[in-house]
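Per-chain numbering from 1; labels A, B, C, D, E and F assigned in written order.
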Amino acid sequence: MTFAFDEGALYSQIGAFLSEDLGRGDITTQSVVARNAQARGRFIAKEAMTVCGLEAAEAVFSTLDTQQQIEAFVSDGDDVEAGKVIARTSGFADVLLGGERVALNLLQRLSGITTLTRQYVKLTEGTRARIVDTRKTTPGLRMLEKYAVQIGGGRNHRFGLDDGVLIKDNHIALAGGVAAAIERARDVAGHLHKIEVEVSNERDLREAISAKADIIMLDNLTPEETRPMVELTRELAGENVLLESSGGINLETVRAYAETGVDLISVGALTHSARAMDISFKIQAG
Amino acid sequence: MTFAFDEGALYSQIGAFLSEDLGRGDITTQSVVARNAQARGRFIAKEAMTVCGLEAAEAVFSTLDTQQQIEAFVSDGDDVEAGKVIARTSGFADVLLGGERVALNLLQRLSGITTLTRQYVKLTEGTRARIVDTRKTTPGLRMLEKYAVQIGGGRNHRFGLDDGVLIKDNHIALAGGVAAAIERARDVAGHLHKIEVEVSNERDLREAISAKADIIMLDNLTPEETRPMVELTRELAGENVLLESSGGINLETVRAYAETGVDLISVGALTHSARAMDISFKIQAG
Amino acid sequence: MTFAFDEGALYSQIGAFLSEDLGRGDITTQSVVARNAQARGRFIAKEAMTVCGLEAAEAVFSTLDTQQQIEAFVSDGDDVEAGKVIARTSGFADVLLGGERVALNLLQRLSGITTLTRQYVKLTEGTRARIVDTRKTTPGLRMLEKYAVQIGGGRNHRFGLDDGVLIKDNHIALAGGVAAAIERARDVAGHLHKIEVEVSNERDLREAISAKADIIMLDNLTPEETRPMVELTRELAGENVLLESSGGINLETVRAYAETGVDLISVGALTHSARAMDISFKIQAG
Amino acid sequence: MTFAFDEGALYSQIGAFLSEDLGRGDITTQSVVARNAQARGRFIAKEAMTVCGLEAAEAVFSTLDTQQQIEAFVSDGDDVEAGKVIARTSGFADVLLGGERVALNLLQRLSGITTLTRQYVKLTEGTRARIVDTRKTTPGLRMLEKYAVQIGGGRNHRFGLDDGVLIKDNHIALAGGVAAAIERARDVAGHLHKIEVEVSNERDLREAISAKADIIMLDNLTPEETRPMVELTRELAGENVLLESSGGINLETVRAYAETGVDLISVGALTHSARAMDISFKIQAG
Amino acid sequence: MTFAFDEGALYSQIGAFLSEDLGRGDITTQSVVARNAQARGRFIAKEAMTVCGLEAAEAVFSTLDTQQQIEAFVSDGDDVEAGKVIARTSGFADVLLGGERVALNLLQRLSGITTLTRQYVKLTEGTRARIVDTRKTTPGLRMLEKYAVQIGGGRNHRFGLDDGVLIKDNHIALAGGVAAAIERARDVAGHLHKIEVEVSNERDLREAISAKADIIMLDNLTPEETRPMVELTRELAGENVLLESSGGINLETVRAYAETGVDLISVGALTHSARAMDISFKIQAG
Amino acid sequence: MTFAFDEGALYSQIGAFLSEDLGRGDITTQSVVARNAQARGRFIAKEAMTVCGLEAAEAVFSTLDTQQQIEAFVSDGDDVEAGKVIARTSGFADVLLGGERVALNLLQRLSGITTLTRQYVKLTEGTRARIVDTRKTTPGLRMLEKYAVQIGGGRNHRFGLDDGVLIKDNHIALAGGVAAAIERARDVAGHLHKIEVEVSNERDLREAISAKADIIMLDNLTPEETRPMVELTRELAGENVLLESSGGINLETVRAYAETGVDLISVGALTHSARAMDISFKIQAG
């Protein structure tokens, strides 16, 4: 799922990001570089990675100068080795220097998320489990970060609190039990929404299945604890219920979860703790 | 240096972050939780960390309900152990549930930056070197992230391209040399700005000192390569020139850089690759 | 389902509505009424109606003067007779005169929608059919108009293109058939979304059921054409599939549709053609 | 009077309308329709009407894709029969599907206002009376709705409280009488503004004429009550004073008012209670 | 005429002005003054003037800290001598220092306009002529500057191109003559607007009177040239037409224009060339 | 120093300026001038001046119509005589008439600042003193006004409170002395900032030099008082400290200050009290 309407939103955000960095203007470049000087720049991968964010990087430069484009040598989702020239651009030197940092900050961060997502996805190959993200994204960057997860082969969970019903422990505590919460949700929520509920023990799982939850999240269980829950679910509800593992899952443990037979594995670290990839931008006159 | 005027800007950003997460409203809570239900919530550290972001977390809730406050048991900059209840709040259940994720996303990220900064600062104790951040911040979060660096004991480098003159390799390539760039900057930039220039070899260092650069950044040198540069600078210019090490410095190498005698060590990882700290928010009725 | 977060959005919209009406200021009141003059105002129903929009009306006045409140004698959803004083307020005369038109425009329009919705709902009593709205709302007023539908006893369909999957004739034409479209949607859409598809003949209905659509919209059929489609669906899929009648349904025909056994009846006229209710605002000195 | 500067404002509003409908993106189209698929769409009148809003409809699509235009077969203000293809467009399928609802919502609503206005205007042909609108417009849509009135042959009354002086009953109650209010207005209001005052009995009419009101609104009178007021005005002030009938005038009564000899008849229903015209948008691949 | 609704607009503008001056924060105060330090400040007139802008100055401080008020010892429109303490305020030192410059820039500029306006008004005492401003205001400050003219005893001409019809030489050139332009305007413009037309010779004056212009602007005539135009107008149209002198009128010549018998004298210099009054802000600890 | 990124900011401001003037649209032109009428316009200097603001004037017209350009016959900074046609443009008559006032208001004001700045600069020729501006700019116009100063040959002081450290009398009063303030600033402010301090007597000057201030502002001294301060500074600190004269300096006194040997002379009047230059815009059909 890509995003059709977000081009406008993307440009609006990038304008704000540039404004954050440029403030009243780039005083070094204004002082040191001749006005109207031309330059060429190259984005170079300094380590192996899966690239993501080329369109966002281009948007940075074209916000500063509508004529400015970048010529990409790879596409979002391509794996590259260290030393690879990912893309190049040429134009006014002050535009290249003014957009450099914001473009790199986006490219490095999104490539970090995509690279990490791909690792998780590879580790689950051959199982039915799909890697999904969470709402543990950087405030302000959710659309871009969820796009990076897609590019890495992951799936997107909810985009916000308004586009899916997920009943978590805090809701259950307030609603007076799993079944009560599910029934209230089915009665009140719009007819286009499925209902997901979080459980962490067998009693709640049985209650969720009885109440006809569409998706059940198994929260903070070990793979060993997860397996009998999967079996019980298949026994009681067949394939009609989707199962999602969640909570503290990392690169070491993801395979074990995938092999329990769950349908979905959500990983907060994809977006909240990905390391930025090392990418440089080299400019020369011309 | 803390920020006086940013309260308005902080609230404006947090409104946007909430809007990103809430969209047209929290349909789970609206379906499952009784209107006007009251609840109590506690923020709990799930690992040892240096806390940062309590004011931002409070701003999240008070944006949803101007009456909502949080009672903090620690202050920004305090070290806590796993299990520590950092803060608590009580109020409308839908406000607590609606603000939970944004508040956590901020707290976890800022605490991650502060905790990492403190590690770097501790590793340089007893030397003259100060840890400074870079412009490699998350787009849109620079003010908050630079605040987290301060709280961790680090210093802030430029806030943007407009509040400091830093002549980097890309500028030098376009300006035709170190001395030419420094002279042009001194002639054109405002009289209140010092001039920092990036060098990576002895020839450029000598040229920078001759041209009376105020600060010299030693870029991508090893500690071994750095040491003679420091000595040469002290010999030629005494303490009048500040020296900054920069480029790929990490927790393993920072001490060695600090011991070379440089004045400043800038570390991009403080903001671009800090891991989010694990913090949970537990809600109960009442 | 009411709206938790919308208070901020509501106030922002109302600020824009007031700005549209006030422009650079109310030159009549500034010329004619003494500064700081006090006044009392009453909202009076000039015909029988179901009231809706009291909170919005109050927000108009409190936007002009944060102290200004209205005292309501009825609640949203109450039926009133002609002549009933719905609410009263007192404060600065220029605030009452400046907010009068916007407050009335909102109250009259929302009460019109609620009153009309209630008529439809009453006509379907005793059947399983629920009245739902559409996206045929006034641009800019969707949240308020969908709220008015709720207050009238109707249910809300999608709030936008992003919070539900509804495959309409135009999609099917582009996707190459009903089954192809449903399968693609199930594969790509998030796991929390049900899938609704529009059909208008038996062949497409059978295809939709085979492809396991969750909800099927019967578009532009007469009640007579609808009945056998309902029977076929129950025969093939029992109660697992929800059925929705849609297209040109009005007060004369809604009962006949409801008696076919469909689950949902969507009515565009609720929001696109409701007549404004007649409400006046009478001000006197004091 | 058309609007020169509003193009920018129109696009800004339409961006907000699209955002209201698209939210984070059209998940049905993203799931079901191939990226970059091309399509053709036609707007078809489903009933007889006077068309209005073609420029607004085009603006919807060109906001989503700057290249997107619509080819109109009629102009705003043209009468069409049921079945008439009003306009067509071709381009990216996701742009057509993403803009469809907002474009239709605007076209249907504006055509409804224009069609209704034209009915009123026709009913007054051969008299001196002109049909004028009121400020009883949909909040946020005043400029578009007043444009639709123009296209239907009506005239525009005030655009807001800031561009004309109209002293109503509420003002008179606070100012202490008709004459006092008019004199204060003449003394304080800018020299470019005429002064209109609302009266509902002969005494107030005489007072308004004595105080040299430029326009007198006869509020909530029957045609029978209106006629002697017109005669008295012509006797005392000749043609120097404009007379306006206002209040509860409908298609049944408008002719009788027009025949009393008033200059202006204001009709709130033009904008607050027009029924949306039935227009469909049919898309096919290509 | 004062402004009722502008409080919100005023605060919004002042937020922007503060943002222009504060950028990312006041680094001097943050470095030098203790956090939470208290201070007292006094605004002192350094020359004789008519004060204007106290409310705007207060709004500056209360934007930074909602609790911050100023205690004024005079009112807008009062004359003060050099040395007079105009107002005082106390609160957080960083709020006083952060708002100082913007508050002074507004106070000094508005007091300059008011002081200059009063000079013009005094020079026309005893004549029928009123001093009016123009649209030659500082972009972005029109409402404040026109308020300052009012306070100085002047009247306001149009607030913008949308709230009055003024046919100038450029319009006449395009419309094909004075009479043609007036007739077109009367036919098309709203019925609440008077029509003003600019003329500069007797032929055009006669044409304007024949076409029943409401107001006639005598542009760029000397007082000697103006006098016979006034006489001719009174002879042909009595007091029914207002006459306005305009163009290059200054403190030396205004009295001569006033004595010609014109009703209005418009002076661009009131807003485009007023000198800022000298006002200081002295802060002390406490 | 010119401004790279400000093009976006400039257009955004100009949109707001146009909105301030046009409001809901230019009712005179809409009434009087045929739609789509073409016209040609010329900007004519009515007095001798140094021109500034041509790019801003063009931006006004191109905001109204993206195709609209102006053909300039001079450049910003050129001196012209009275009668000179500065620039011309042709296009839609309503665009020319709609943008006329805003374009003139900007051109006249900026040319006023540039013309005045040039006078100051010429009076200091042959000395080391440079003319610099202050923060006494028109709220909202700082970037444009500081640009006008540059064009006139002046230098820019701080752009805001965030891009330079300037310790003034009010700070010293709160910090407890000159030396204490300087030391605190050096310890806390970022390492890229120089430190300027205001002094007005010899004791403070000595303290500032001892504390190693980078720049010292001599505030409100006469030229006679200034001279010995300059001598003392050179004796104690050579050329390492920059000296700035400030406070009440005007065209009569600026030469005397320049001859004292100070490095910088700041003049608030450049921006707060410049007289608008007289420029007209003449339109003809075609």
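Keep this in mind: contacts are C-beta pairs under 8 Å (C-beta built on N, C-alpha and C of every residue); 3 or more make two chains touch, one makes a residue touch a chain.
Computed from a predicted structure; not experimentally measured.
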Farthest chain from chain E by C-alpha centroid distance is chain A
Centre distance in Å when chain E and chain F are each reduced to the mean of their C-alpha atoms
22
How many angstrom lie between the centres of chain C and chain E, each centre taken as the mean Cα position?
47
Of all residues in chain E, the ones touching two or more other chains
1, 22-27, 29-31, 98, 159-160, 162-166, 188-190, 193
Line, ring, star, complete or other: which one describes how these chains touch?
complete
Residue positions on chain C within touch of chain E in the complex are 15, 18-19, 22-27, 29-31, 35, 63-64, 94-95, 98
Would you mind writing out the residues of chain D in touch with chain F in their complex?
1-6, 8, 143, 159-160, 162-163
What residues of chain A sit close enough to touch chain E in their complex?
23-24
Sort out for me which residues of chain C touch chain D in the complex.
13-14, 16-17, 20-34, 37, 39, 93, 96-98, 100-102, 104-106, 108-109, 112, 135-142, 159-168, 170-171, 173-175, 181, 184-185, 187-190, 193, 268, 272-273, 275-276, 281-285
Which positions of chain A touch chain C when the two form their complex?
1, 132, 155-159, 162-166, 188-194, 196, 214-215, 242, 263-264
